[in-house]
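Dropping the structures in below, format is structure tokens.
Below, chain A partners chain B and then partners chain C, in two separate complexes.
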Partner chain A sequence: MADRSKRLAFLATIIATAILAALPLGLSAYGVSTGIVYFANIALSTAWALFSGPTRYISLATAAFVGVGMYTVAFAHVSLNLAVCLALAAIIGFFFAFVVGLSTLRLRGVYFVIFTFGLTELMRQMSSWYEINITNKLNRFITISVDSIVIYEMLLVLAVIAVVGSWYVSTTRLGHALRAIGEDETVARHAGINATWVKVLVFAIAASMMSLVGGVYVLRYPSIDPTVGFGNSWSFQVLIAALLGGPRKPWGPAIGAVLLVMLSDFLVGAFSRYFTIALGVCFVVIVYFIPGGIAPRIEQLYGMLARLRQAGRSASDASTPQAPPTEPVATDNEMGAQRRAVVPRRRSALHPLMRRLTRSGPRLVVRDSAGPPPDAMLSVYGLRKAFGGLVAVRDLSFDIPAGGITGLIGPNGSGKTTVLNLITGELPPDAGSIVLQGDEIIGVRSFEICRGRIARTFQLVRVLPGMTTRENVMLGRMFGSDPTSPAAALREADALLERVGLADRAQLIGSQLTYIDQKRVELARALATRPQLLLLDEWLAGLNPTELKIGIDLIRQIQREGITVLMVEHVMEAIRALCGHVVVMNAGMKIAEGTAAEVLSDPKVTQVYLGEDDAAA
Partner chain B sequence: MLRLEHISVAYGKHEALHDVTVDIAPSRTTAILGANGAGKSTLLKTIAGLVRPLPGGRILFDDRPIEREAPHRIVAAGIALVPEGRRLFGEMSVTDNLRIGAYPERARAGESERLERQLTLFPRLAERRQQLAKTMSGGEQQMLAIARALMSEPKILLLDEPSLGLSPRLVSDLFSVLRRLTEGGQSIVLVEQNAYQSLKLADHIYVLESGRIASAGTPAEMRQDKMIQKAYLGL
Partner chain C sequence: MFEVVLNGLVLGGMYGLIALGLNLQYGIARMLNLSYGEFFTAGAFASFFAITLYHLNPLLGLLVSVPVSFAANWLIYRFLLLPLIRRAPNQDALDGDVVLCTFGLLFVFQGFEQVYWGGNVRGYYFLSFPVHFFGASLPANRLLAFAAAMALGGALILVMRKTRFGTALRAIAIDPIAAGLSGVNVLNLSALAFALGGAMVAISGALVSTFIASSASSGIVYTLKALIVIIVGGPGRMAGAIAAGLLLGVAEQVGGYLVDPGLTLAINYSILILVLLVKPTGLFARG
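Take a look at the complex of A and B:
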């Protein structure tokens, strides 16, 4: 069923493209130039949404990239042939965005918006300055004459590439990574995603498309000046079209662009003098009534129709098993399954140290849980971290024996979570060293630590709220220590969900899960990265006795499979039951270390941590 | 004082609460026990106006229906929720978080005295008045969340898993603070996994199972209940 609808969509795309390509033969000059405007807007809004849709970085730099493309062609066409000019536009757009992205994509929210807006202004001012002071005239003439039908066809091709390309990206690992970054960048990094690289790369790809569109579009003009090349209206028009259509669906921005151009045309005709006012009113109304854009609504409607049809069919034929309603996520994954063979495994951008660590060596030998072996999985030595005047971790040293379960306990505020953040590269330490099986890992970034086979859960759970349970877990598998294609990840994700008791909630969105289920998702996601060392931050908090027992059994089972565990925990029952080795911290320092029985009867520990109640228990 | 009548809540198709009727008396502590996913947090959120009940049920606070009121009006009326996961204003200092708690009109008079009272109740916060909330440890944040709720001078304090993530010693500190509050006449509705401490503190217990009230009674009655012993006390 999903397969059939995919094939239909494919066929429809080809037919529609063919018809659109043949159209100019029968169109007036006006018709052709309308088509040009449509296709340029479709290509630009789709390219914009490729990056800004999933990551939620709202960019107003579209005009800057379009302008770069326009000026590249305007400068180069005098001496180079058109194809070379266009290739140059795409390449310059890519590298320009790459440099811009590297320096600015750490900005979030309104700062990024303002920066991109400023970038366009800067480009316009600079080009004005150059034209006035160096070439002595503001207008730059386009001396090459290209038939508008050729421009039409070129922009049609770009629009189709943009839409099909961004649909394709949404089914790949890259697409999943983008969404994860938009949902929670910290989690994405800890799932093994090189967030900086992914963001900069996709930002540059999108910009390259924008420059290319600009490069083609400029051929319509006899001349350009900086207000045309770097005109802000491009940025806003594209943004509005994408939001109108729905920026998180690959075909949403295209619909938005078509509607926006149609709406503008209509309003210009109907209210020529009050055009902008009428347009403004339309936007307010649209945003108010359909905040998520049109595309998700259409899919909802389609889903409802499909369910109705299905209900009708199953009523007439009771023997047909009821299939679950088609869901976009699942279909994406099925597509992945067919392409599995060609999706390359990406192992680039690995720190040389980590490359050694991630090399798939022999699985860890299953060890007897009775006595932890003497060799250390991870050693912390002389670790120190201060936040301003507050020293959170002070000269801390301890070993995590390989194959065992180590407990890290201590009063609230004693620095336990900070230790986890230091180990996972979330925070840089001020001093000391952290050695993972012989390799120093200080200075190694979070995503590389994850690929180096250290996984973690978070104290205040961080499930990606807009992704399903299953997608959350798939993420770990796709980017962890042994990355796989979405299809392979899908299969393993279900097995892991079964294991943590979430098999029946695979399709629920993260934000719909209860607190405990979210913790389960986090554990499954961490396990999916194939860790050799698992860091649990109060994973057992908030469980009742029955649930606690299940949780304890699960952790023990994980250890028996050869995964070393470090658990920060306040549930003494679990510490006693599981930990062969316990480190106690107070005010950033280690105050006791030993077996659970030893440290829990230590008077120092009783005094600062347990209070009288638990010591007696 | 607060009465829920035939309250049902659904998230999409999933019914989280089914025909729940609960009575909360003034100056008492009511504890709600139940497995994870039984609907305890939903119950508190429904009272606080963060979740809307299905038509047919009523929530009466001092004989006034509040089930359709906006959350801020409910706080103004005198019901404060300390949500699970604390939800502090991370970029604000301890003092500023507390001052925000006194935002409701009714709570503004006497704000400064109340602030001092909270700092006496939670000495750890007094040491850290100017610290940003996000840089504090889990236990301190929990204390701050409770103190912030108390700043609105609530007639009823709703606590969702306050002991979550606290060290054993802080848990007993927390419960002694709660005990002091109840001795001062504060009404509390408490959702807790720590059934042992809850039974010690509460005057009345409700047990929720799959969204329904499965049993109710005094702590003494509950302690005799075999099912309670097994599921919640781990005996």
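Take a look at the complex of A and C:
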């Protein structure tokens, strides 16, 4: 079914392209120039959405990149062949965006919007200044004349490349990485994604497409000046088109671009001098009534039709619950899915596989009292981290024995989570060293630490809210220590979901999951990265007694498979049952270390947990 | 050189003045209002019509433009932005929606101005005689704007620091949820801050129109200017906005004098970019 519709879409694209390519033979000059405007807008808004759609960075730099392309061609066409000029435009656009991205993509939200807007303004100012002061002429002439049919065909090719390319990227690892970054960059980094590189690369690829479009488009003009080259309208038009169509669907921006150009033409005709007002009203209407764009609505409709057809075809099989759509589009839809999410949850708290695990496992693990194995998976030495005047971790040293389960316990605020953040490269320590099997890992970035086979879960669960359970887990497999293609990751993700008892919720999106299920997704995602060391941050907190038992068995199972575990935990039952080695922290310092029985009977430990008076009693 | 720095200070005072209103809207109410500058042009036009049509003191235009702008901004917050706030799943989504929505408003207002007032640049002469001191001379209208900037800025700083209302606004700027949990009526006060921001920008529009001519399409220029000032100064910080305005004004004048007057905007943007990269919370932000 999916394959057939994919083939159909492919065929339709080829036929449509062929028809469009042949059209100019029968079109008037006006028709050709209309086509040029459509294709340029399709290519630009698709390129814009390639980066800004999944990552949610609102860029107003489109005009800057278009202008770079225009000016490259305007400068170079005097002495170089047109093909070389265009290649040059793409290359310069790419590197310009690369440098810009490298320095600014850590800005988020409104700051990035303003920066990109400012960049365009700056480019316009600088080019005006250059043209006025250096060349003494504001206008730069385009001396070659290219037939408008040729421009039409070139832009058609670019538009098709943009749409097909952006569809292709969305199916690759790169596409998944981009989406994950848009959902939660910290999680993405901890799943092994080099977020900076991915962002900069895609930003630059998109920009190079924009420059290319600019380079072709400028051939229509007899001359350009900075207000044409770096005109803000490009940035806004493209942004609106992409948002109108739906920036998170590969074909959404194209639809948006076509509609916006049509709408503008219509408004100019119908309202003439009230055009600007009408356009403004249209924006506001889009924001209020079609958030997320038109494309998801169309897909929703299509999905509904398909389901209706299917329901008609197999009325007898109607009892099988329908998989909810992957995208949360309408509120009523979400509500429905939520209801569906709650019902199977109860059932699967005792998932058959889990039930078997619970029954077969021993109640308490019997550990040899000879102490931790001699070789350490990870050694922490002299670790220190202060936040202003607050010293969160102070001269902390301990070993995590390979193959065992180590507990890291202590009262709230004793610095346990900070230790995890230091180990995973989330925070840089002020002093000390962290050695993973002989390698110093201080200064190593989060995504490399993940690839170095340390995985973690978060104390405040961080499931990527807009991605399905399955996609969340696939992410770890695709970018972890042993990266695979999306197809291979898909197969293994299901096995992992089965393992944590989420097999029946693979299609639910993160934000629809209950708290406990979100914790399961996190664990599955961490396991998917194929860690040798797993860091669990209060993973058992908030579980009911049955769930706790299942959870304890699951952690033990993980350890038996050869994964070393460090668990930050408050649930003493679990510490006693699982941990062969326990480190106790208080106020950033280690106050006790040993077997669970040893540390829990240590008076210093009871004192910090219960307070001086109660401990004495 | 002294005159250059003095010019820079006066120019910077004007920047601070323009930014104060947006600082209330973006810094406190957390709404990036791209149609902000349209109320600047509204203030400018009101003064222009006061003097050209009715031969009144242009500052009397404020009697119309300030209440209108206050009410319009309150309505925008209450009926256009509030539904977006209620709907948004997170800050990123809200920012996107607000940018788009206010951008639409910008077009609507700009369209109206173009239709009813025409696309021409409108300017007039008022208080344009020079004032001399310490060997330098400055036009009186610019000095008036500078004085107004200092007075309004000072008053806002006092209100923010000394009154219950100001304390509540500061709390909202730092953490709206915590402010709400402490009994601050976040939505009402945010709406009020947003409306006050609109009133402030109308004032700045009237004052600036005494020495800079405006057209229907010049609003966005002032929105951007104000944004740069706020980001350099640290959102929500009134003293920061004034200080950043002065800094940018002086840098622009001195840079233009030493390097090239054509590069003043480039200098502004360079400072912005530098601040964004080095200290994105703003030069005068706490912590």
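Note that the second predicted complex is superposed on the first by the 551 of 617 C-alpha atoms of A that agree within 3 Å, B and C clash if a C-alpha of one lies under 4 Å from a C-alpha of the other, contacts with A are read in each partner's own complex, and residues count from 1 in each chain.
Operating definition for what follows: a residue touches a chain if its C-beta (ideal position, glycine included) is under 8 Å from a C-beta of that chain, and two chains touch if they have at least 3 such contacts.
Keep in mind that this is a model prediction, so the values were computed, not measured.
*Asks:* Just from the overlay, do chain B and chain C fit on chain A, or is there a clash?
*Replies:* After superposition on chain A, which the two structures share, chain B runs into chain C.
*Asks:* Of chain B and chain C, which one touches more residues of chain A?
*Replies:* C
*Asks:* After superposition on the shared chain, which partner residues are touched by A:Y274: those of chain B (first), chain C (second), both, or neither?
*Replies:* In the superposition, A:Y274 contacts chain C only.
*Asks:* May I ask you to decide whether A:M572 touches chain B, chain C, both, or neither, giving the answer as first, second, both or neither?
*Replies:* Only chain B is touched by A:M572; chain C is not.
*Asks:* Classify the contacts of A:L460 with the two partner chains as first (chain B alone), second (chain C alone), both, or neither.
*Replies:* A:L460 contacts chain B only, not chain C.
*Asks:* Per the contact definition in the header, classify A:G611: touching chain B only (first), chain C only (second), both, or neither.
*Replies:* First partner only, chain B.
*Asks:* Answer with first, second, both or neither: which of chain B and chain C does A:S601 touch in the superposed model?
*Replies:* neither
*Asks:* After superposing the two complexes, find the one stretch in chain B that runs into chain C, choosing from 8-16, 44-52, 98-106 or 152-160.
*Replies:* 98-106
*Asks:* Intersection of chain A residues contacting chain B with those contacting chain C?
*Replies:* Touching chain B and chain C on chain A: no residues.
*Asks:* Write out the stretch or stretches of chain A touching chain B in their complex.
*Replies:* The touching residues are 387, 390, 409-414, 417, 459-460, 512, 514-517, 538, 541-548, 570, 572, 608-611, 613-614.
*Asks:* Flag every residue of chain B that touches chain A in the complex, lowest number first.
*Replies:* Where chain B meets chain A, its residues are 11-12, 35-37, 41, 84-86, 135-140, 161, 164-173, 193, 195, 231-234.
*Asks:* Considering the complex alone, what residue numbers of chain C touch chain A?
*Replies:* Residues of chain C touching chain A: 26, 32, 80, 83-84, 87, 89, 91-93, 95-97, 99-101, 103-112, 114-115, 224, 227-228, 231, 260, 262-263, 265-266, 269-270, 272-273, 276-277, 280.
*Asks:* Quick check on the complex: what are the chain A residues that touch chain C?
*Replies:* Where chain A meets chain C, its residues are 56, 58, 103-104, 107-111, 113-115, 117-119, 121-122, 125-126, 128-129, 132-133, 236, 240, 243, 273-284, 286-288, 291, 465, 511.
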